[in-house]
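A, B, C and D label the chains in the order they appear, each numbered from 1.
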Amino acid sequence: MIRPIATTREMTGMPTGRLAVWWLIASEIVIFGGVLGSYLMHRIGHKEWAAASAHTNTWAGAFNTLVLLTSSLSAVLAHNAALRKDGKRAAKLLWFTILGGGIFLVVKSIEWTGEIKAGYTITANNFWSFYYTAAGLHGLHVIAGMIVMMFVAADAAKGKELQRVENAGLYWHFVDLVWIFLFPLLYIAK
Amino acid sequence: MSTAAAHAEHDHAHGHAHHDEGFIKKYLWSTDHKIIAMQYLFTGIFMAFIGGFTVYAFRMQLAFPGMSVPGYGRVTATDYNALVTTHGSVMIFWVAMPVLIAALGNYLIPLMIGCDDMVFPRLNRLSYQLFLLSSIVLIASFYVPGGAFGGAWTSYPPLSAKAEYSLTGLGSSMWLFAVALEFAAFLLGGINFITTVMNSRAPGMKMFDVPIVVWMIIIASILFMASVGPLIAGAVMLLFDQQLGTGFFDPAKGGDPVLWQHLFWFFGHPEVYVVLLPAMGIVAEIITVFSRKKLFAYKTVLYTAIGTGVLSFFVWAHHQFIAGIDPRMANVFSVTTLLISIPVAEMVFVYIGTLYGGSIRLTTPMLWALAFIAEFLLGGVTGIFLGASGADIYFHDTYFVIAHFHYTFFPIAFIGSFAAITYWFPKMFGKMMNETWGKVHFWGTIIPFNAIFIPLFLLGARGDHRRIYDYRHFPDLMKAGMQDLRVFATLALLVLLAFQVVFLVNLFYSIFRGEKASANPWNANTLEWQAPSPPPHGNFPQGLPNVYRGPYEYSHPDRQDDYWPQTEPDAAKS
Amino acid sequence: MIDQYVESASTFSGDIDNVIWVVLLITGFWFILAEVVFFGLIFKFLAKPGVKAKYVSGEKPHEKRWVTLPHYATLAFDVVIIVLAIKVWHDVKINLPEADSTVRIISQQWAWTFVHPGPDNKLDTPDDITTVDELHVETDKTYHFELSSRDVLHSFSVPVFRLKQDMIPGRIIKGWFKPTQTGQYDIQCTEICGIGHALMPARIIIETPAQHRIWNQNNAPKVADVTPTTTPTQLGGMP
Amino acid sequence: MSDTAHAPASTDAAHGHDAHAHPDSFYIRIWGILLVMLVISVAGPELAHRVVSNETVAFVIVLFTAFGIAIVKAYMVVKNFMHIGVEKKYVGYLLIAMLVLMGLMIGGVGPDVLRHEGHRWVNQAAKDYKLPGDTGHHGDAHGEAKH
């Protein structure tokens, strides 16, 4: 494909890719807002859900928060490296971020396996339905972010498309942000 | 990569398309915004056939209950519900949205802002493919056990959530999945539109030099993006309710069916303006060109559009006045609903004001644009009855509502699209459409349209309620004259459907045999008319244009010509 | 206007008709005015050879007036409509006048169950009268109704009363009406409820007090063969 | 944050959006602060549940340590990792507008869904709802009151 001239212009002074990521994040805010808003209204309305949420594993959640925060750090460091045109270092840090996403998913799957074995399936009650839906939706975003970063890292290692490092990072920070709110909503509030 | 080299490449590819690219690469796998626009347009037209066929089948059943409908067979109660549901969803999500936003947005945005393509051409292709997949899933749902979903386009649970209530377990899920896919397609498309207009306008094109139709599509895309999120979330929850047995909307499991209604209408009402605004934009382009007038108060139009958009987020619960929401909330929503009449009315006043002092040419596109205003007015004022909470108690879920929103949606989805197709046809295909047959089609559509829906207002006022496949069970609804009105509306529908054949013949005949069109047959100002007809890949072979002024400088007193293209430098002032 | 086609049989049906009538006058006036101006302008300014169109930007105050004045007029008329509509809404949906009698209305796919209080005028007593698809009320008596649904959404609509209220499973929604004339009329379900949506007609039978008393006595179950009636809590918590 | 952190900005002023370049150490410091907050947000509610007997006090502690700190954490990520401060103004407004919309949604839906009783309606099913297999230890007893 020949790259159209349209893709190279930036009238707003902001590269198109980054602009698009901001709009994407805006649209994701309302999607997660829909799930979390619905959850919040039910959660406040049903005090008895506290009993269900007591069975979530706070330590797993806290560890995953740590993992995501750290992967966010490496994403922003990758961006810093990309600014210095250091594609190799950027790629390495992005792979570290992807690793963080991987650890997050592994912890999540161990956690879920335990919960499902204990009988807390998605149909156990509405708390668990929201728990799996919200965390699952977030998990899909983690996977999507990891896949995107693999492509970006592969290009960055060759010193190509370095501006994409920042865009992928922005998206990853957003995924991190969602988890920052999911963690207290699903795990801590008991 | 230099511009010239790129264009040489383009021209080469274009000239030998059949040898170099092949049909699939050129028409099905293309990243060219114009091809993708055509894909959307023709998919939309195809889906309009489905929408038209379903309405034919269920209107026949209403007029002649129990008859075997030619081409369909006997319409059972199950069929009837599936038909009305499909008609509603298809016409809004698979006709109005793809034609007005996706097809016209894709076609017009790069041409009107003077660039060679969208900023994310491959994302654009993906967006269409998702849309195509969603159409296929929807159509396939007719052929699964249990048949297509029949719980109305609003899909209220628990009816939609449980197979034992709806009897269409798989059909419901496929419907929901198709709608969700379609939303994803338009989200991607919307981001593409917004970033393209923000970043890739032609040099010199300031914010207020952007044609109104582009503004409208952008505002609509933002509205869509900001409102659809909760419904996507709701769709996932409803899908889990259907397939996994969760209880998000099941009262017995601590869920709440009213939540879905809110999530749906939080999107559903802005959605009305998502399709209205592009149609309004199309009308602005056409009436200025064919009355040779500057648009009356460009900025007012813009601000009212933004105002409408913002207000549209505050009115959603007027669909639920009697749906079991707290009655005190209805007061708030009744006020906001009536307030939204102000910006919309103002927009119509502005368009009427534009006609003043014009030099009006009643070409086919102009007839459609004027008809839009005339008909939409009736749709607008009848909305007041429904927004006024007291009156809505009686009118809610009657045919009055149906007639009301068809007086808004028909002008939007069909009159607006016909206006756009007839107006931009010379640009799209490089041929002129036949004016005489265009006018025949116009009158053959407008007259039966009114003949269908004015009787429905009367039926609604007399108490006909919606989604009933046979009124013979209701003695009060079989009073003298009522069945006659139903039959009359159905016959008018048949006439309307028959006249669409004229359009199709005209469309395809003109594409292949029409008179050749010049680059700017209407003497219009906007940038797309500076490109050749049809524009080649890359749009502007002379290099991307520069913009010197706003899009509506018609009949400027300093000039001999009654138009002043946006690209013409000031030096050419004579 | 509506009462020419659909009889007006409750205390508030006339008020709702009046709102509709006022809205019709206001919107009708504006609609006709706008269409007359619209078509007038089209015919006045059809293209004539040699005549160039005017150049009006519409940004100057004396030009904008043509839009801003109608704009304020719209606002003023909106206020009138809002006040009227909310007044009636308040009367029908928010106010709850003292009840003379209460009926319980239960919907399901695809039938109505009406629980009348019976001769003693109290619900949840052995002499309650339960009917299917037939609601018996008497004129000039204020009724409360309690709506509940067994399965999906339904809507309780009595066109002659201009009354409509959705029924939601799990919820009990209350309201009122006061019939003003005798007769037999349709009750409709106006929320799609599955394939039998069209097969859910019921009748409301409005009787004189004397007729109603006779109906009550003839139909009240003998205390001996009473079965327990459904209480609202059981309905709500239904699995 | 510190003077040195902004030093590269002046050398790179030609590229407006690169002005947010900070040395790596700056980001590591932010990460450290985030981790401290994470510890507080876990420890606070744990403490509240185990030590504090007064329910209201415990609730307030949870509210502040869990949700208050989540908001601060989010702010720090948005400001320092996503560089919203040096981004075009409208980006911030856009994100805030989306959050306001969600507030609007909850505000409009809450009266019907969050509450179980309103003017002329009762959500009896929600009031009576008990978790399957739950002994009712945590839930309050208003559901049974009707019987």
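Before moving on, here are some points about what is shown:
Here is the rule we go by: a contact is a pair of C-beta atoms (placed from the backbone, for glycine too) under 8 Å apart; a residue touches a chain by one contact, two chains touch by 3 or more.
In this text the structure is predicted, and so the values were computed from the model without any measurement.
Compared on C-beta pairs in contact, A-D and C-D come out with A-D as the pair having more.
In this assembly, the C-alpha centroid of chain A lies 16 Å from the C-alpha centroid of chain D. Rounded to whole angstrom units, the spacing between the C-alpha centres of chain C and chain D is 43. A straight line joining the Cα centres of chain B and chain D is 38 Å long. Centre to centre, using the average C-alpha position, chain B and chain C are separated by 31 Å.
For chain A, the set of residues touching two or more other chains reads 12, 14, 23, 26, 29-30, 33-34, 37-38, 41-42, 46, 125. For chain B, the set of residues touching two or more other chains reads 226-227, 230, 251-254, 256, 258-259, 263, 324, 327-328.
Residues of chain D in contact with at least two other chains: 97-98, 101-102, 105, 109, 113, 119-121, 123, 125-126, 129. In summary, the structure contains touching chain pairs A-B, A-D, B-C, B-D, C-D. On the side of chain D, the complex with chain C involves touching residues 119-129, 146-147. Interface residues of chain C, counted against chain D in their complex, comprise 93-94, 96, 148, 169-175, 232-233, 235-238. Residues 1, 3, 6, 9-10, 31, 110, 115-122, 187, 190-192, 194-196, 198-201, 225-234, 236-237, 240, 244-248, 253-256, 259, 263, 538, 544 of chain B touch chain A in their complex. For chain B in complex with chain D, the residues that touch the partner chain are 226-227, 230, 251-254, 256, 258-259, 262-263, 266, 313-314, 316-317, 324-329.
Interface residues of chain D facing chain A in the complex, by the touch rule stated above, are 16-18, 21-24, 27-28, 30-31, 34-35, 38, 41-42, 45-46, 49, 62, 66-67, 70, 73-74, 77-78, 80-82, 87-88, 91, 94-95, 97-99, 101-102, 105-106, 109-110, 113-116, 126, 129-132, 134, 136-140.
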